[in-house]
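Next up, some structures in structure tokens.
In what comes next, chain A is part of two complexes: it sits with chain B in the first one and with chain C in the second one.
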Partner chain A sequence: MPATRSSSAGAVWAILRKECRSEWRTRYGLNSALLFAVTTLTSISFVVGKIADRTDILAALLWIVLVFAALASLAHTFVREVEGHTMTMLRLVASPTAIALGKLGFNLLFLGVLEAVTVPLFLVLVGGPPLHWDRFLAVLGLGSVALAAAATLVGAVIAQTRGRGALFAAVSLPILLPVLAGAVSGTRGQWNGAPIGAELRLLGAYAAALLGASLILYDHLWEE
Partner chain B sequence: MIWKVFLFAWIAAGMLAGFLWAPVVPVLGATTRVFYFHFPAALVTTLAFGWSMVHSALYLARRDLTHDDHAAGAADLGLLFCVVATISGSMWARAMWGAYWNWDPRETSVFFLLLIYAAYLALRAAIDGETRRARLAAIYSCVAFVTVPFLIFVVPRIYFSLHPDPLFGRRGKPDIDPRIMLVAAWMFAGFTALFFWLLSLRVRLGRVERRALKGMA
Partner chain C sequence: MSALPAREAVSAVATLSARELTHRYSPRRGLDPVSFDLAGPGVTAVTGPNGSGKSTLLRIVAGLLRPSGGSCVLACEGRELPARARRPAIGLAAPDLSFYEEFTVGENLSFAAEARGLDDPRGRVRESLERVGLLARAADRADALSSGMRQRLRLAFALLHQPPVLLLDEPGSHLDDDGRVMVARLVGEHAERGLVLIATNEEREKTLAGHAIQLRGRGVGDPA
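Up next, the complex of A and B:
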């Protein structure tokens, strides 16, 4: 039915706009993620200086900074609703899938902003420019989609548990490890001029599998 | 009772056959016998995690807590078999590659798998209310199993691995003595039966616990 589809697309869009607006009001998540990224980058740069020739370390550092800077705030999208007691209200106006998709969109946007600041800074302070911008950005993009998909689903689950904050990293990191491994290997390969088709396929397939599973599972997120 | 004794005899016979009857592979020498524990344990790990995922999906569809008992028990036992596969593989790696652990792609992916299912158990422990725990854990279990094909089948084939090709490998028929294959299959049957027996205990325990809680209330 086209009517339902357009209305649920409208709901997703409304949730996304609401997320952006409430984030913009406090900028709590973005500020802390950016501060984390900049502080970490500064300390790395201070300790090791520029290491453009050590591509293995560069790739690992880049992704560790990105993932850890993002993790703390990605869970926040759902935890905020639970702690502010607004979850019930939100569920009255939209389906679980629409809510989760809206928040997934916001998390993707959030990662985009975070990367737009962190990655250039990283390249200037610690590493050199990528050899192939297209491959570099492809790894970054696919890695971010997988990261956002995993973090959104786990964040929604974690928001309903005891000790949410501590548990989120412990539960989402194992699922993110394959992403981290593929992304680090792809980023390093790109710097070394090696082919990275396998890594791109791995990241793409993993992101697609996570997104597919999420779309099926979102409906079961809330019940009582 | 009789089945327990039979299972014990079955696995003991497999072990004896592995040491006394089946030949050793020339290069591997005595380490051939690690295969009789490593291979069945690795297969049962996959089976257990798959079982957990199927029952998680069934729970989400039917909301019957018995499925949750199956899912939790299978994940628990899968973790146990995964540890057995990891330790036996690590011992073999020490003998053949010279180090217990060197982040070979297969070692890496099995380690990821251990972490993912350990996180599943940590998640279960942190949720109050049995229906909510069952529902949220089922969601996580389904996501966790999405990673399994990647970790077990994709990653070790993308990156160069020293690990011998698994039996359903890419290159034709395995060149292994049929007696070794028979003992491995025998042990696999034994490990599978062991898994389902332990699982049935877990499921019964879950049912009894629920009944006792209901009796108290």
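Up next, the complex of A and C:
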């Protein structure tokens, strides 16, 4: 056999780069996610205007827009491999764990780009009290990790099933509810000046639990 | 199947043993129980009617498919490789192997080389494309290739990491006469230092093999 470098980290990095290049070439997920976010925020702004005094609605609205804009694309990273018949190639060059970690990395990047556009647009169009940036970014960061981990896990599990459309909704809902609850409560709390330690701990622990479960499960995925 | 005498295992690069190996695609049987011992270097043809399990056998050997029953033991340089650890030792070219259509031929193989952690990925890609006569098409997108060119790309993918075990499922399909000569040359070169399994019913490909595993599956139309 030819000489090889330490392959696990290299495989994760190669898959992450492959995902980025593929997204750049096809604009498969980003365009539709951004279109959803911009359209939704513009419509809300047009109909309701600025609602700076309702931090509960603002927090829920921000996370609903982020989650729904991102979710289809995040979970679709695995479905694309199945529908494009490239899963066999992928499985021949990398372990299931490396594949999933590479895709998780891409999903985090994807969320970062989406948030970089959506959050400023949200603040301009819908408004809100001044942000406490350190606390807001902590909620946004931990919420994003938990969201990406959940979507990657769900995407990996449903990718090879036949009724994946219906299954996606059924599996996603219970897994995403704790993320939404913690993120919305934390975002509202930072606006109100309330302590958000509990929310940050919930999001952090949930993200860690999802990542831990994923690392255990990924090696057993796709065993036909 | 025909019982095969194993070659001298002392100098063998790779050995492959199956005992009552079987697989079911519920409720249909995909591979009837089969037992054999193989030792490289050398070429073995896997023959049998459509639906007898030739591709299934190769996928089990590659570690892509978990058998329903029996055992399949692959060892390289005296070390037994469990199914999950076979990736570096296996090169598979099969009809269901597809590539990323938005990438060029070279990019597809570069990704595979990087994910496998090969040293000098560019050199490896160039060398494998040269061997299958596809170097001139390295900059073409994968979706622009003819079916014959795609088959050459599958062969280049299988050869990329110079594996000790080469699994070729209908390697001559879609190839012109030059392509079939190229397959014969590649198999001959690889057989000097590794184990080659060719799943085929083509007479010309059968003649490349020194041994044969005849699968006597129920074939098409038998639901058992």
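Assorted remarks:
Rule of thumb we're sticking to: the second predicted complex is superposed on the first by the 214 of 224 C-alpha atoms of A that agree within 3 Å, B and C clash if a C-alpha of one lies under 4 Å from a C-alpha of the other, contacts with A are read in each partner's own complex, and residues count from 1 in each chain.
Definition applied: contacts are C-beta pairs under 8 Å (C-beta built on N, C-alpha and C of every residue); 3 or more make two chains touch, one makes a residue touch a chain.
Keep in mind that this is a model prediction, so the values were computed, not measured.
Upon superposition of the two complexes on chain A, no clash is found between chain B and chain C, which fit side by side.
After superposition on chain A, the vertex angle at the CA centre of chain A, spanning the CA centres of chain B and chain C, is 90 degrees to the nearest 10.
In the superposition on chain A, contact of A:G10 is made with chain C only, not with chain B.
Once the two complexes are laid over each other on the shared chain, residue contacts for A:R21 go to chain C alone; chain B is not touched.
Within the superposed three-chain model, A:G84 lies in touch with chain C and out of touch with chain B [touch as defined at top]. Once the two complexes are overlaid on the shared chain, A:P178 sits against chain B while remaining clear of chain C. Using the contact criterion defined above for the overlaid structures, shared-chain residue A:A116 touches neither chain B nor chain C, since it reaches no partner.
Of the two partner chains, chain C is the only one that A:L92 touches; chain B does not reach it.
For the pair chain B and chain C, the minimum alpha-carbon spacing after aligning on chain A is 6 Å. Residues 223-224 of chain A lie in contact with chain B in one complex and with chain C in the other.
Residue ranges of chain C in contact with chain A, taken from their complex: 59, 62, 64-66, 76, 84, 87-90, 92, 94, 96-103, 107, 111-112, 114-119, 124, 157, 161-164. Chain A contributes residues 1-7, 10-11, 13-15, 17-18, 21-22, 25-26, 84-86, 88-89, 91-95, 98, 219, 223-224 to its touches with chain C in the complex. The part of chain B that touches chain A in the complex is made up of residues 60, 108-109, 112, 115-116, 118-119, 122-123, 126-128, 131-132, 135-136, 138-140, 142-144, 146-147, 150-151, 154-155, 158-159. Those residues of chain A whose C-beta lies close enough to touch chain B in the complex are 150, 153-154, 157-158, 160-163, 167, 170-171, 173-175, 177-178, 181, 185, 198-199, 202, 205-206, 209-210, 213-214, 216-217, 220-221, 223-224.
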